[in-house]
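Which chain is which? They are A, B, C, D, E and F, in the order written, and residues in each are numbered from 1.
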Amino acid sequence: MDRSQLHTMLRSFLHEDIGHGDLSSEPLFSRGEEGSARLEAREPLVAAGVETVAAEVFRLQNAKIQVSGAVADGRSVSAGDTLLTVSGPVVDLLKAERVALNLLQRLCGVASFTARFVEKTKLYPARITDTRKTTPGLRMLEKYAVRAGGGYNHRFNLSDGVMIKDNHIAACGSLTRAVEILRESTPHTIRIEVETDTLDQVRECLECDVDIIMLDNMDMESMKQAVTLINGRALVEASGGVNLETVAAIAATGVDIISVGALTHSAPSCDIGMDWQT
Amino acid sequence: MDRSQLHTMLRSFLHEDIGHGDLSSEPLFSRGEEGSARLEAREPLVAAGVETVAAEVFRLQNAKIQVSGAVADGRSVSAGDTLLTVSGPVVDLLKAERVALNLLQRLCGVASFTARFVEKTKLYPARITDTRKTTPGLRMLEKYAVRAGGGYNHRFNLSDGVMIKDNHIAACGSLTRAVEILRESTPHTIRIEVETDTLDQVRECLECDVDIIMLDNMDMESMKQAVTLINGRALVEASGGVNLETVAAIAATGVDIISVGALTHSAPSCDIGMDWQT
Amino acid sequence: MDRSQLHTMLRSFLHEDIGHGDLSSEPLFSRGEEGSARLEAREPLVAAGVETVAAEVFRLQNAKIQVSGAVADGRSVSAGDTLLTVSGPVVDLLKAERVALNLLQRLCGVASFTARFVEKTKLYPARITDTRKTTPGLRMLEKYAVRAGGGYNHRFNLSDGVMIKDNHIAACGSLTRAVEILRESTPHTIRIEVETDTLDQVRECLECDVDIIMLDNMDMESMKQAVTLINGRALVEASGGVNLETVAAIAATGVDIISVGALTHSAPSCDIGMDWQT
Amino acid sequence: MDRSQLHTMLRSFLHEDIGHGDLSSEPLFSRGEEGSARLEAREPLVAAGVETVAAEVFRLQNAKIQVSGAVADGRSVSAGDTLLTVSGPVVDLLKAERVALNLLQRLCGVASFTARFVEKTKLYPARITDTRKTTPGLRMLEKYAVRAGGGYNHRFNLSDGVMIKDNHIAACGSLTRAVEILRESTPHTIRIEVETDTLDQVRECLECDVDIIMLDNMDMESMKQAVTLINGRALVEASGGVNLETVAAIAATGVDIISVGALTHSAPSCDIGMDWQT
Amino acid sequence: MDRSQLHTMLRSFLHEDIGHGDLSSEPLFSRGEEGSARLEAREPLVAAGVETVAAEVFRLQNAKIQVSGAVADGRSVSAGDTLLTVSGPVVDLLKAERVALNLLQRLCGVASFTARFVEKTKLYPARITDTRKTTPGLRMLEKYAVRAGGGYNHRFNLSDGVMIKDNHIAACGSLTRAVEILRESTPHTIRIEVETDTLDQVRECLECDVDIIMLDNMDMESMKQAVTLINGRALVEASGGVNLETVAAIAATGVDIISVGALTHSAPSCDIGMDWQT
Amino acid sequence: MDRSQLHTMLRSFLHEDIGHGDLSSEPLFSRGEEGSARLEAREPLVAAGVETVAAEVFRLQNAKIQVSGAVADGRSVSAGDTLLTVSGPVVDLLKAERVALNLLQRLCGVASFTARFVEKTKLYPARITDTRKTTPGLRMLEKYAVRAGGGYNHRFNLSDGVMIKDNHIAACGSLTRAVEILRESTPHTIRIEVETDTLDQVRECLECDVDIIMLDNMDMESMKQAVTLINGRALVEASGGVNLETVAAIAATGVDIISVGALTHSAPSCDIGMDWQT
C-alpha cells in the first residue's frame, strides 16, 4: 500500500466530512486547546488499518496530533481494548474522528470477516482470496484489510490479471482460441485464468495449458472431479456461493484458491468508538 | 445530487477498476463489436441509483452505450426483475460492469434496509434519518439511497449542521454557554442541535431555546418523559442503539426524528447480476 | 475555515502567478539568500486573513519562511501599522508577495466594508449577513472576512440552505405547496426560507409556518408592517437595495437579518504594501 | 483564452456554489421541466464574457441549455438591454444562475472601468494595461475583460515577463549588473523591463539598453523629462497612482504604456440580473 | 489502453503547450475559420498512436475537428505517406498541432525501433519486451507503441509484477527465502521472477520453482547453459546489454523473452510534419 | 523552475511507477530497514536535475531519505563519478529508484547533447536555444536541462511568445498585416517573431519593424545575406536542419539565435545506474 496514494484518498475523505469547516467545533475551541482520546474496540475484532490508515487520518488533519499505542494490523483484540491513542488540538481531533472511525470500522470488519473464513479452512492449504467486489474508491484499503485478516489478494483490477469468461469465449468461437489470443497479448509476468462451468471446459483448459482454472459455481462433487482431473497441472480456484457454511467443504475438495466476494461486499462493520480522556 | 460531482466520482471508480486497460477484453473484442445485457435483481429490493448512478457509469465509459428500461429509484422490485438494460460496444460494457454492479448492490442495499426501518415505523410520524456514518467517498450517493428508501437526511457534513456534544459542553463550562456561543456564530439558516444524556440536560436545552434536542442512547421511559417535557418546543431526535427490533418502540415515544447509523454502515448488500443477451 | 482546502486554493493561486518559475528573481538570488519584509496597512482597515491566509501563502511557498507579528483578524488598524512580518529566502518571499497582497487587500476590504455596515446598525439587534454574491473561487475566504468584520454568514451554497423564490412558487402552483414539498425533503437541521414581495405572501408564510421570511426589496413602511405582522413567529430577513445610507433605517424596522450582496461584490480593496527591511 | 482551462475553472465555481445539490430546486422541478430567462444589464456597461464565459457556465451545467442573442464582448450596452437569453431545464438554469451572474458582473465591471480609462486617454497613443493585481484564480478572465474594455495586457505572470525592481538591483550591486545577468538568462522572446524611481536610474537603463523603462510613481514633470531623455530608445511605462483624474495628464507626458492596478482590483461591479420569461 | 486516462493525459499536455491561450493565432483567426492539414511521415516508419492518440489530441482540443484516413497502428509506411488528415477550426488545429506531433514522433519512434529488434529475431520464438525504463508520464503510451511495433509488454509497474533482485535476496539471507516470502504474499495471478547473475543462482531458482528466471547481463555461453539447465521448467528472460547487434545471437540461445530498455529510452524520434492544404 | 509544480509532476510519476504498492519490496523489508546507494554516471556527461529533480524524487517518496553529495547541475562528470548519494528506508529507495533514474538519464542526456552544440559554436556569439519539440509533460524539466547544458530557452508555450508563420500570413493577406494585428494585441513585454522563407520576406519584416526574424530552413548563403540585410535591426534566429555537423557554419553566418529541436527530441539518454552500498 503506497502512502502517497493513501494520503490523496484520506484528504478527499476528510474534505467530504468537514466541508468548508466545522460549524460546531471551530467557534468553541481556541486553536491551541489540546486533548486526548482513545479508539476502543467495542467488540472482539481483528485489527486492520490502525497505524496505517486511522493514525494517518489524524496526522493528515494536523501534523501536531500525536499517535501512540497502535495495535498491529492482523492482531485479534477483545472488546474494551484500546486500538490507538491520539492527542493534540481538540478541534482537529474532532474533525478527523468520524473519518477515522468510519474507515476503521469497515477495515476491521473486512479483516475480522476474512479471519473467520481463514479459520474455517485452516486444515486445508487453500488460500482465501478477495475479488473485485470491493467498495468503489476503497479497493486498495479493503484488499489490505483482507491480507490483515489472513486472506490473500486476487487481481487488483482489469489491468493486472487475465480472466476469460463466457463473453470472451463466445466472442472468439472457442475457449481454446480465446486462450491463444490472450496468451499472445498478455505480459509473461501474468497468469491466464479461465472461468469454467463444466468438466468439459476444464478438460479444454488443460489441453491448452491454462495457468489457473476457475470452477464457477460448481457443486462439491464436480469440484472434486475437477481437482482430480487437473491434478496439479494448473492452479484451481473455486468461486461462487462461498459462505461460512460451505467454505470448509470447498476447501476439502483440494482446490488451491477460494475467492469470496462477501469478504468485501458483506463484511459486517465492527463497533469501534472514540473515548475522550480527562 | 449534482451530476458534475457524480461524474468526477464515477470516473475515479472506473479508473480504480480498469487500471491502464482491460488485459482480457481489449485483445478479444474489436472496438466496434456490440452487445446487450440486463442488470437483474436476484432478490427483492428497493431500487436506488439505477438511472442516476449505474446508467451514468455505462454512459461515462462510452457515450455510445444506450441505456433503457431503468426502474425508478424508490420502487420495490422482485427477484428476477430487470433493473436496467444496456447495449453498446462489448468491451466498454465489460469495463463498466463491475463498477456499476458494485455501486448498485450497495445503494439498493441501503435503500432496501432503510425501507425496512420506514415500514416498521409507518404508524408514527417520526422520520428515519441517516448519520455521518457513511462509507468514506460515497456520502452523496448513500444519502441519496436513504431518500430512495423512504428515509430522510441528517446534516451532510460538519459545515452544514451544528451538533453540540459532550466535548463542546465541557470546553465551554456549560451547555447553555455552548449554545450561546454557537447561536452567535451559526448562520441563521441552520438549526442548533444538542446531544443530551439526561432529562436535566433536556431541561437546560429548553431553557436556552435549542432547536433540536437529541436524546442519546436514552431508555424508552426517559425518551417518553423527554418528549412530554419538550412538548413541541423543539424537534426531538432519538439516536443510539436503534435497530429493526427497537425502532417501532422508539417511534412510539413520539420523537420526531430517529437517526440510524446502521442505514449506511450495516446495510446488507443486494444481490444484483448482469446477464448478457443473445 | 478548513486548512486543507485553504492550502489547495492557495497552491493554485501561487501557480497562477508564478507560472513555471520567476524569470526575474530566480537568476538573481542564490537559493540561500535571506531577507525580511513587513506587510503594511496604507490606510485604516479591519484586518482579515493575516495569519490565516497571507501567512499561509508564504509558508506554502517555502516552509522555511518565518512569519511573526500577525495582527489578529477582526482588529482595526491604522495607516502605517504592520500587519505581518515575514523573513526567509528572498526568492520565495518575492514569489509569494503578489498572491499574499492580492488576497489580503481583498479580504481586508471585505472586512472593513462589513464593519461599516455593522457600525451603522449597532443600535439594533439585526445581523448583517453576506449572500452568495461572492467572487467565484473565493467564497470560503470572503465569508470568513465578513465574520472578521463583525458580520454573519448566510447559507454557504445551494446545498446547505433552502430559499423558495418566485420560480419555485410558480412551479408548484402556490407558496404553501412549495413549502410543504420542501419541508418534506429538507433535512431537519436546515431552516426553510421564503422570499416575499408582498404582505399577502408574508401572511401565507405565517400560515404555513415558514422558518425565515425574506422581505425582498420592500419599502420601509412595508417592512415595518411585515415585522409587526410576523411578531416573532419567524425570523425576518431584509434584502435588496441595502447600502450604507439605508441600512440603519432598515435595521430600525426591527428585522432580524439584513443581507447585503455589496459586502462581497462591492467592497473597495484596501491599500496594503510590502516593505523590505534592510 | 483557452476553453479547456476555462472549463476547469467554471466547473470548480459551479461546485463551490452548488455543493452536493440544490436543496430548493431539485425537489420542486422534475428533470424535464423547461424555462427561459434573459440576462439583463441594469446599468450602462461594456460587455465582457457574455458568450465566452457566462454562456459556457450554462452549457457546462447542462449541455441541453440553449443560449442565444449574446451581446459581443467589447460592445457598450444600455440599461435594460438583454445580454444573453438562455433556455432549458429550469433546475439547471437555477443552478448556473448565480455563478454566471457573479462572473458577468465582475467581468463587465472590469471592462467598463477599463473603457473609462481608455476614453480619458483617447487623444494619446498610450496603452492602458493591467497589472498582476488581479483576483486570485480569475487572472485569465480579468485580463480578457481588460482587453474587452479596450485595454491591453501586461505580463501574465512571473514566468512570461521580466521586471527588475529594487530588491533585484540591491541583490546585484547595481542596476546595470542586474540587467546583464537577466539579459543572459531571459529567453530572447521576452523584453526586459526595469522599474525606476529617478532620472539617474532612467539614464542607467538607457546605457545598458533596457527594453522597457517603468517610471514608478514619478511626478508629471519627471515623467516628461524621462520621456524626453528616453526619446524612443525604450518603451516607457508609467505606473503608480494612476486614476481617472490623473490618467489623461500622464498620457499627455508621452509615455507608451500606463499600467493601472485599479482596472482589476477596484473596478466597480456591474448590476446585471436574470429575468424569467413567461 | 483506456480512453478516460488517455484524455486526462492529453488535456494536461495541451495545457502545457497552450498556456492561457495562443497569442499568435487567437487574434488572427476568427473562431469560425476552417482549414485542413495532413500529418505526413517524412521517413519510413511503423505507425503508432495515429488514430488512438494524435487524432484524440485534435478531437479533445475541439470536438468539431474532423479526422480521417488514419493509418492503422502497427502498419509500416513510407516517406511521404499521409498518416492522418484533420480539418476544422484553424485556431484549434494550430493549438493541437505541436502536442500531436510531439507525441506521434515519439510513439512512431518507439514502434519503429521495436520493429527493428523484432525483425532481427524473427527466426526465433523469443519475445522482445519493454522494461520500466520509459519516459515518466508516458508509460501507458510507450508500452502501447511497443506492441504496435510487434513487441510485448513486461510488467507495467511495481504493483503488477514481482521481480526479486540482489537487495531483496540480501535482505532475506537467501534467494530461496525471498522466493518463499514473496510466493506467500503475491496474488496467485502474478508470476514470480528472479534476477540471476550466475548459473548457481539459476539452479537455486529451479529448486524453488521460480516462474521466470532472468539472466542478467550474462554472456552468450552462460545464457546457453542456463537455457539448457532450465529446460522449460521456467520462462527464461535475457536482460542487459541488448542492442541491434547482439539481439539475434541472444535470441538464438533459446531464451523466451528478451527485455530491452532501449526500446523506450533510446528510440530515435521519427520525422513527421503537418502540411496545410489549400 | 518552481518547486510546487515540480512536486505535482514527480508525485504523478511515482504513482505511475509504483501503482498501488511494490509487490516485491514491501513484503521483504520492514518499514525501518535502512540502506544507502549512490547514483553513478556510467559515461561522461553534463549533469542536470541531480539535486533539483532526482533528489526531490527520493525526498518526496519519503521525507526521511537523506540526500548528499549532489553534483551541481551544469557540471561535466566522468564515467564512474558519483552524482548523488541517498540513504534511508530501503523500501522507499527502491520505490523511488526507477523514476529518479528515468528522469536523470533523460535530463543529463538533454544537457549533454546541448553542451555539444554549445561547444561547436563557442567561437560565435549565437545562442543555442530549444524549441517546443519537448516531451509532452516534461517541458519545464527539459528546458531546465537545456540551460544546464549551456543553452538558452525559446518561448515556453503559445502564451508567452509570438511566432507568425505561413498560416497566419495567409489568413491576413500579408505579413505586414499580420504583424500589425499582433503588435496591437500582444503585451508590450513580448517580442514579435516572424518565420521567413525568403529574403523578400526578411525585407518586409524590416519594413514593419519586426523584433525577431526567423530564417526557416534557409541555405548558408541566404542566411549570410539575411544577416547583412538585417544588420542589427532585429534579432536573427536560424531554424531548421540544425545538427552537430551544420551548427558551427550556421553560427558563423552571424545569426543571434540557433534553435534546435533535436536538443529535446533527439538527445541520447545517458547511462546512469544506482549502486547499493554495503
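Rule of thumb we're sticking to: contacts are C-beta pairs under 8 Å (C-beta built on N, C-alpha and C of every residue); 3 or more make two chains touch, one makes a residue touch a chain.
The shown structure was predicted, so the numbers you read here are calculated from the model rather than taken from an experiment.
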| item | value |
| --- | --- |
| For subunit C and subunit F, chains touching each | A, D |
| Reference subunit A; chain at largest CA-centroid distance | D |
| Subunit A-subunit D separation of Cα centroids, rounded to whole Å | 52 |
| Between subunit E and subunit F, centroid-to-centroid distance (C-alpha), Å | 23 |
| Intercentroid distance (Cα basis), subunit C paired with subunit B, Å | 32 |
| Sites on subunit B at which at least two other chains make contact | 18-22, 95, 139, 156, 159-162, 185, 187, 190 |
| Complete list of chain pairs which touch one another | A-B, A-C, A-E, A-F, B-C, B-D, B-E, C-D, C-F, D-E, D-F, E-F |
| Of subunit F, residues touching subunit C in the complex | 1-2, 4-5, 139-140, 156, 160 |
| Complex contacts: residues of subunit F adjacent to subunit E | 9, 12-13, 16-25, 27-29, 33, 35, 90, 94-95, 98-99, 101-103, 105-106, 132-139, 156-168, 171-172, 178, 181-182, 184-187, 190, 265-266, 268-269, 276 |
| In the complex, subunit B residues that touch subunit E | 11, 14-15, 18-22, 26, 60-61, 95 |
| Complex interface listing, subunit A residues touching subunit E | 127, 129, 147, 152-156, 159-162, 185, 187-191, 193, 212, 235, 237, 256-257 |
